[in-house]
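Presented sequentially are two complexes of chain A, the first with chain B as partner and the second with chain C.
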Partner chain A sequence: MKKYGKLLYLGIIVLFLYLPIFTLMVLSFNKGKSMSAWQGTSLKWYIEMFRNEEIINALGNTLTIALWASILATIVGLLACIGMNAMRDKSRSFFMGINNIPLLNADIVTGISIMMSFMLFGISLNYASVLFAHITFCIPYVILSIMPKFKQLENQTYEAALDLGATPLYAFFHIVLPDLMPGIMAGFLLSFTMSVDDFVITHFTRGAGINTLSTLIYSQLKIGVRPTLYALSTVIFVLVLVFLIFINIASGKGESKISAKSASKEDYDYKGSSPFKKFAIIFGILVVIVFAIKFTPTVPGKVTEKGVVYVYNFGDYIDPEVVADFEEETGYSVVTDYFDTNEEMYPVIKNSSARYDVVCASDYMIDKMIKENLLAKIDFRYIPNIVNLQENIRHFTESFDKDMSYAVPHTWGTYGILYNTKMIKEVPIGWSDLWAEKNKGTIIMPNSIREAYMIGAKMLGYSINTVNEGELKEITELLRKQKPLVYAYGNDNARDLMIGNSAALGVVTSGEVLYAMDENPDLNFIVPKEGTEVWTDMWAITSRAKNKEGAEAWINYMLSEKAARKNFEYLTYGIPNKKIKDLTDNPILNPSDEVLSRCETLKSLGSKGDDLYSKYWKDFKS
Partner chain B sequence: MNSMKKLFSVPFICFILCGTIVPMGVIAYYGLTDREGLFTLKNIMEIATVDHAKALGMSLLLSFLATTICLILAFPLGLILKDSKLGKKGFMVFLFILPMWMNFVLRTMAWQVLLEKNGILGGLGIINTPTAVVLGMVYDYLPFMVLPIYNALVKIDNSVIEAAYDLGADYKRVLFKIIVPLSVPGIVSGITMVFVPSLTTFAISNMLGGGKVNLIGNIIEQEFTASANWNLGSGLSLVMMIFIVISMALIEKFDRNGEGNMI
Partner chain C sequence: MALIELINLSKSYDGEKVLDEFDLSIKENEFITLLGPSGCGKTTTLRILGGFTKPDTGRVLFQGEDITQLSPNKRQINTVFQKYALFPHMNIAENIAFGMKISGKTQSYINDKIKYALKLVNLSGFEKRSVDSLSGGQQQRIAIARAIVNEPRVLLLDEPLGALDLKLRQEMQYELIRLKNELGITFLYVTHDQEEALTMSDKVVVMNKGYIQQMGTPEQIYNEPENAFVADFIGDSNIVDGIMMEDRVVKIFDHIFPCIDEGFGKKKPVDVVIRPEDIIIGKVGEGIMDGEITSNVFIGVHHEMCIEAGGFEWVAQNTKSYPVGTKVSIDVLPENIQIMNKPQSEDEEAISLEEVLGEENIGEDNE
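What follows is the complex of A and B.
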C-alpha cells in the first residue's frame, strides 16, 4: 500500500511537469491558429514547418550555438576544475562563489550587462557574441557537474600509475578522465539543454540575422505565435525523448544490476569503458543532427550583385512571399531580423550594435528617432509608388514627420473595443463601458503604459501626449478605479482570450479584428465615441544604412499594389494603399473622416516625459 | 606541479572576467550614475519608494511561497527516488531536464491556456492572480530543487541509516536526526536555485499574472525596455544583487568543500 502511495506521488509530480507539454502537443494538431479554440485535427502545421525557411534556419542556429557553446564550455570547465583542485581551499571557494553568479543572476541582468559591455568596448553583436554569452552561462553548469566527481577520485590510483611509469598525461587520460566522465557528460548535456532553452540572454546579445528558436517564438508574440512552433517543439521533444530512452537502454544493459542494489553507489555503473562510448554516441548523433540541419538546401543570404538589404521588422509583419517577390524583381537579397516591441529595437539602432538598412517602427518611436538623428531622409525620386499612399494618413504622420521626409507608413489602424455580442447585452459605445460595474471581470485592458494612458486621457478629454502632472495623476486615479473590474492586462493575448470566450470586452487594434471575427463570429468592434489613438507602423531608413538604394527600393516595393495586396491578405492589418481600397473599404480598417477627427497619434515624450509616465504607471500597478 | 596545474583555470578566469565581472561592473557603473553620467545614489535609494518596495515585498512573498512549496514537494520525492529502482541518476536527470526541451515561453503559455477561464483547469479560477504566478514559479524551478536534494540524498551512506535502525531509532528519528541534517547542503542549494530566479522573474508574472501581479522583475524589465531608463534599471538590479550575495554566502557556509551541490 505504501508503495502505491509513493508511486502515486511520483505520478502526480510527473503529471504536473508534463501537463503543459502535453497541451502544446495537442495544440500542434489544431487546425485553427488560436490557442484557445479547437477547430479540428490537422497536420498542416507540421507540413508548414518543414517548408518554412526561417524556422529551419533558427533551428540550425539554435543547435550549432548549443553544440559549440557546450563543447567549449565543457573544455573550459574541465580545465578549470583541474586548475581549481590544485588551488588552496580559500581561493577555490572564491572561484566557486564567482562561478555561481551567472546561475543566480536574473537572466535579464546577465543579458543586458553583457550587451552593454559589448557596446562599451565597441564589439559588434553577431553570431560570435551570442556564442560567447552562451559559453559564459554554460561554464557554471559544467563546473558544478564535474567538481563533485573530483572529490570522489582516488588519488592513489593516479599515483600508482605514475609510480609504474605512466606519464602524467597518460595517467590522466586513462585513470582520472574515465572517473570524471559521468560528470563531464552531465555538464555537457546540461549546457546543451540550457543553451537551447535560453531566450533572454540570446535576445540581448544577438546580431543581425541571428535567430534562435526562442527569439523566433518571442518575436511572433505580437501577431500571435503560429502553431508551426508547437509542431516544431513537439518534434524536438519527441526526438529528444526517443534519443534519451535509447541512450538509457543502451548504457543500462549489464550495469543496472549493480545500481539497483545500491543507489548510493550509483556512480559505479558508469565505470569501465562505457562512459566514453556513451559520450561518443551522444556526441556523434548530435553532430550529425546539427550538420544535417545546417546544410539542408535552404542556405540563406545568397548575395546577389546588388547586395543585401538588412531589414529590421516586427516579427511576422509581412508576407514572406513579398520578400521573395522583392528579391526576384529587384535583384537585391534580403536579411530580416525581428523584434517584438519598439523599445527592444531602439537600443539596437541607437548603439548600432547591429547595422540595419530599413527598420519598421511605430509613430512615436519614429518621432524619437528623427529627433535623435538616427534616421536618414528618404529620397522620394526613388519612391515613385508613393502616389499609392492614402492621403488621409498624412494628417497623422505629419504631426511628427513634417512633409513625410523620413518615414512611410506600412500599416495603420485605431485602438478600439472588441466585444462579444453573446456575452454583452448592450453594445458598447465608448471607453466608459470599460468602467461599467456590470462588466466586471470580463474586461481586458492593454498592459503597456502609453495605450493605457491613452484610454484614460481620451475619457477625460486630455491629449494622449499630455505631460501635465496633474492630468497624469487624474488618469492614474481613473485607471486605479477600474482595476477591480479588469480580468487581465495583456497585449499579445487579448485577441486570443476574446476568441476563446474568456473575456467579453477587450482593447485591441483594428488590425486584429478581421482575424478575430473570422475565428469567433460572435465578436464585433467599435471605435469608442470619446476618440482614440491612430497608430502607424512605418518604414524608415537608418542614418547609418550601408545600402540606402536597396532600402529605398524596399520601401518603394512595399508601396506597390502587389505587395500591399499580399501583405493585407497575410496580416489583415489596415494597409493605407489606395490601390487596395476594394479590400479595405470598411469602417473597421478605414474609419470615416468624422471618426478620425477625434483621433490623435502618439508622439515621443522625451526622457523626462517617459520617466513621468513610468513613475505613475508603477504607482498604478503597485 | 600544482602551480602548473593552476594555469589550467586561466581560460575559465578569462571567461569569468569578460562574461561576469566586467558586465557586473558595467551594471554598477550605470546604477551609480544618472542619465548625464554623473555619480548618484538615487537609483539605488529608489528601492525605498512605495511602488518599488511594494513590488519587492510581493516578489519576496511569492518567491518564498514558491520555494517552500518546491521544498515540500521535492524532499519526499527525493526520498522516494533514493529508495526506488527508478532512482538511477540518468533517469532522474532525464525526467526533470526533459521538459526544458520544450521552450520556456511556450511552456508558460501552455499553463496560460490550461488556466484560462475556459481552459481545462479554468474552474480553479486562479488565472491572473498571485496563485497562478506561484504555480508558474513552482513549475519552472522545481527541477532545480529536486536535483540537488536528490544528489545529497543518494550520497548518504545507507550503512549509517541501517546503523541508526539497529541502535533502535524509529523512522521519524532517522529522518530528522540523520537524513535531513546530511542533506542540508542540497537543500540550501535547492532553496537558492529556486528563490533567486523566482525573485527576479518577469516573464512568469506577465503571462500568468495577467499584468495584475507586479514584481520587482517586471519593474526592472520595464525600466530597461519601455521606459528606457537603464540607470534606474541597473540601480535596482544592484539592489537585487544583495540577495545573490546572501545566497552565495549561504551556499559557502553549508558547502565548505567548495564542491557545489547544485546539480
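What follows is the complex of A and C.
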C-alpha cells in the first residue's frame, strides 16, 4: 500500500512537471491552429518556423545575448568575488548586501531604471544596450553562486601552492580556480537561463529591430500564439534535453578517459582538471549551438540603397510574405518590431526609446498620439493606392483624424455576438439577448472597460464615448444586473471558449469570426441591431521618423491589392480595400451602411473621462 | 651560525598583540617545537617564517639574509598544513609533483622522486589514488611527501597530527622522528599537545601570550619548569604556595620539606611544583604530612589518586592502589621539589630577553 502511495505521488509530480510540455509538443504537430481541436498530423508549423526569419533571428539574438551576457557576467562576477574574498568580514557582508538588493528588485523596476539611465546618458537603444542590461542583471547571480565556493575553499590549498613555489597567479589558475569551478559553472548556467528567460528588462532596453524569443512571443499574444511557437518550444525543449544527456555522457566518459590514460602511461603529468573539462565541454557545445543558429539563416536587414524602414507593429499582424514582397518591389529593407498592446507601444514612441518610421495603432491611440504631436502628416502624393480604400470607413476615422491626414486604416472590424447555433434555439438579434434570462450561464462578456461600457451604452442608446456621469451610472447598473447570467468575463479566451462549446453567446470582434467558424462550423456571428463599436487599426508615420519616404512607400504598399489580399488570407481580419471585395463581401466583415450608421468609434476620453470609467468599472467589478 | 633567526618580531591583529618582541634562533638540523595554548602566537610565528604573514616589526634572517619581505614561493622552506591542504582535483602523484613541476625538474627526476617520497612515508603504490580515497593519516603523510620532495632546508609543521586519532598520532610521531633523521633537515613543529612536543623535539619552546615562557630540552622543560605557567601546561602538577625558609628548606602548609634549591633568600614566598608521580605514599606517620585518599581512578599503568592533606588536594600517581578513605602519609624526595619565584605581575610571566639567551646557552651546553 505504502509502495503504491509512493508511486502515485511520484507519478503526480512527473505529471505536473511534464504534462504541459507534452501538451504543447503534441499541439505543435496539429494541422490546424486550434488549441483544443485535433485536425490531423502535420509538420507544417515546423517548416513555417524554419522559414520564418523573424523567429530564427529572435532565437539567434536570444542565444548570442545569453552567451555573451553570461560569459561577461561570469568574468566580472568572478573578479568581484576575488576582491570581496580579500575584504574584511564587515565590508564583505556590506558588499554582499549591495549585491543582493538588485536580486530582490522587481524586473520591471530594473528594466525601466536601466532604460532611463541609457536615455539620460544619450545612449541609443540597440543590441548592445540589451546585452549590457543582461550583463548587469546577471552579475548578482554569478556572485551569489561563486561566493559560497570561496567560503568553502580551504585557504590553505592556495597557501600550500605558494609554499610549493607557485606564483600567486599560477596558484590561482591551477589550484583556486578548479575548486571554484562548480560555482563558476553554476553562475554561468544560471546567467544563461536568466538571460534566455528574461522578457521585461529586454523589452525596455531593446532598440528597433532587436527581438528575443520572449519579446517576439509576447508580441504575438494579440492575435493568439501561432503554432509555429509551439514548434519552436518543442525544438528548444528537445535541444535542451539532448544537450543535458550529452553533457552527462560526455563528462562521465571524459573522466574515465583521463584515468585510463594515466594508468596506461607511467607519467604523472598534470593534465588539467576534470572540472575544467566539464566546463569546457558545456561551454563548447553552447558556443557551437549558438553560432550554428546565428549563422544558418539568411541575414535580414541588408542595408540597400534606399535604406531601412523601421516598422512597429502588433505581433503577427501582417503576412510575413508581404514584407518580403515589399522589399523586393520597392528596394527598401524592413526591420519590424512587435508589441502586444497599444499601451505597450505608446511609451516607446513617446520617449523615442527606439526610433520607428511607421507604426500600427488602434483608433483611440491614434487619436491620443495626434493630440500629443507624436505623428507626422502623411503626404498623399506618395500614396496613390489610397484610392483603393473603402469610402465607408472614412466616416469613422475622421471623427478623430480630420480629412485622414495622419493615419490610414490597416484592418477594421466590429464587436458583435458569436453564437452557437446548436446551443440556442433563437438566433440573437441584439445586445439585449445577452440580458435574456433564458441564456443564463452561457454568456461571455468582455473583460475590458471600454468594450463592456460600449455594449451598455448602445443598449441604452447613449454614445459609446459618453463621459456623462449619470449615463455611466445607468450603464453600470445595467451591467450589474447582467452579472448572474454571465458564464465568464474574458478577452482573448472568448473565441477559444466558444470554439470549445463552453458557452453559447460570446462577444468577439469580427476579425476572430472567420477563424472561429472554420474551427467550429456550428458558430455564427451577428452585428447587434442596437449598433456597436467599429474599431480600426491604422498605419501612421511617427513625427521623428528618419525615413519618411520609406514609411509612405510602406503605407502605399499596404493599400495595394496584392498586399491586402495576402494579409486578409493570413489574418482573416476585415481589410477595408475595395479591390478585395470578392473576399470580404460578407456582412460579418463588411456590415451594411444601415448597420454602420448606428456604429461609432472609440475615442480617447482624456484623463478625467478615464478616471470616471475606472471608478465605475471598479465599482462594478467589486 | 644559526640557520634562521627571528629578531624582535611583533604582530597584532585588530589591536590585539599576538607576538610581542619575539626572538628565536633555529640551528641547522634541529627538531624544534613551539608549544603553547591556542592564541599563544605559535602559529603566527610559523606563518611569518613561511611568508604567509608579514610581521608588524622585526626581521626574519635565513642564513644571515633578511627574508622578511620575500614571498612564500621564493623561500627554501616548505610547510605541512594543519588540514593537509592537498589539492583535491589532482591525484596523489600530481600532488607530489606540483612543486617539482614548477621548479622545472625533468619528468624522470619527478617520477623517481615521487617513488622515493611515497616509500619514505610508507605509501608506495598510491600514485594514482585520489585524495578523497585516503584516510586522514595517509593524507597527512602525502602532505609531508609533497613538501619534502622539494628538498627544503626547513620543514614547517603546523599541528600536523591534530586531526588524527590517538593511536595514529603516536605512530606518526615515530614516523616523523625517523623522517627527520633520514632527511637531515630542520623541522619546526607547532603544537599544543605537550606529549607530542616532549616525544619528538630536540628543543621545546613554550609560549604564552606572544612571549616565550621557557626554552630547553624536553627534560629541562618537564623537570625544571621556570614558572607556574610552564609547570601547569606541561604534564599534571601540584602547584602550591610555599615559603622558602632558607636555602634548601621550604615550608608547605606548615610542614618543612627539604629541597635542593638555593638563592631565593629567607622567608620568601615561592611557588612549589611537585609532579604527581613524585609523591611517595606511605603509612600514616611515615611521611612528612598525613592525609586521606579522597578519590582513586585507574588510568592505565597508574592509579591516579587525590589525597587531602594540609587543606590541599594533592594529585598523586602510584602503581599501587589505595582505596578511598585510607589514611596515608605523603613524602617527596628533595630533588623532586621544584621551587619558582612568584610572578610580580602578569607580564613577568614571560621571561626577559637576557634570560632567554642565557637559557639557550645552557641548552647548547647540554647537547
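Following the convention adopted for this analysis, the second predicted complex is superposed on the first by the 530 of 622 C-alpha atoms of A that agree within 3 Å, B and C clash if a C-alpha of one lies under 4 Å from a C-alpha of the other, contacts with A are read in each partner's own complex, and residues count from 1 in each chain.
In this section, a contact is a pair of C-beta atoms (placed from the backbone, for glycine too) under 8 Å apart; a residue touches a chain by one contact, two chains touch by 3 or more.
This is a predicted model, so every value here is computed, not measured.
Once chain A of one complex is fitted onto chain A of the other, the partner contacts of A:L43 are absent, as it touches neither chain B nor chain C. Touched residues of chain A, counted separately for chain B and chain C, are more numerous for B. By the touch criterion stated above, A:L144 is placed in contact with chain B alone, chain C being left untouched. After overlaying the two complexes on the shared chain, residue contacts for A:D179 are found with chain C alone; chain B is out of touch. When the shared chain is aligned, chain B comes close enough to touch A:K6, but chain C does not.
Once the two complexes are overlaid on the shared chain, A:V242 sits clear of chain B and of chain C alike.
Applying the stated contact rule after C-alpha superposition, one finds that A:G165 touches chain C and leaves chain B untouched. On chain A, the surface patch touched by chain B in one complex and by chain C in the other comprises residues 259, 262-263, 266-267, 269. Residues 2-3, 5-13, 15-16, 18-24, 26-27, 30, 35, 50-52, 54-55, 73, 76-77, 80-91, 93-114, 116-120, 122, 127-128, 139, 142-143, 151, 154-158, 192-193, 196-197, 200-203, 206, 210-212, 214, 217-230, 233, 237, 240-241, 244, 247-248, 251-252, 256-263 of chain B touch chain A in their complex. Touching chain C in their complex are the following residues of chain A: 154, 156-157, 159-168, 170, 175, 178-179, 259, 262-263, 266-270, 273-275. Residues 50-52, 71-73, 77-79, 81-83, 85-91, 93-94, 96-99, 101-103, 107, 110-111, 114, 127-128, 146-147, 150 of chain C are the ones that touch chain A when the two sit in their complex.
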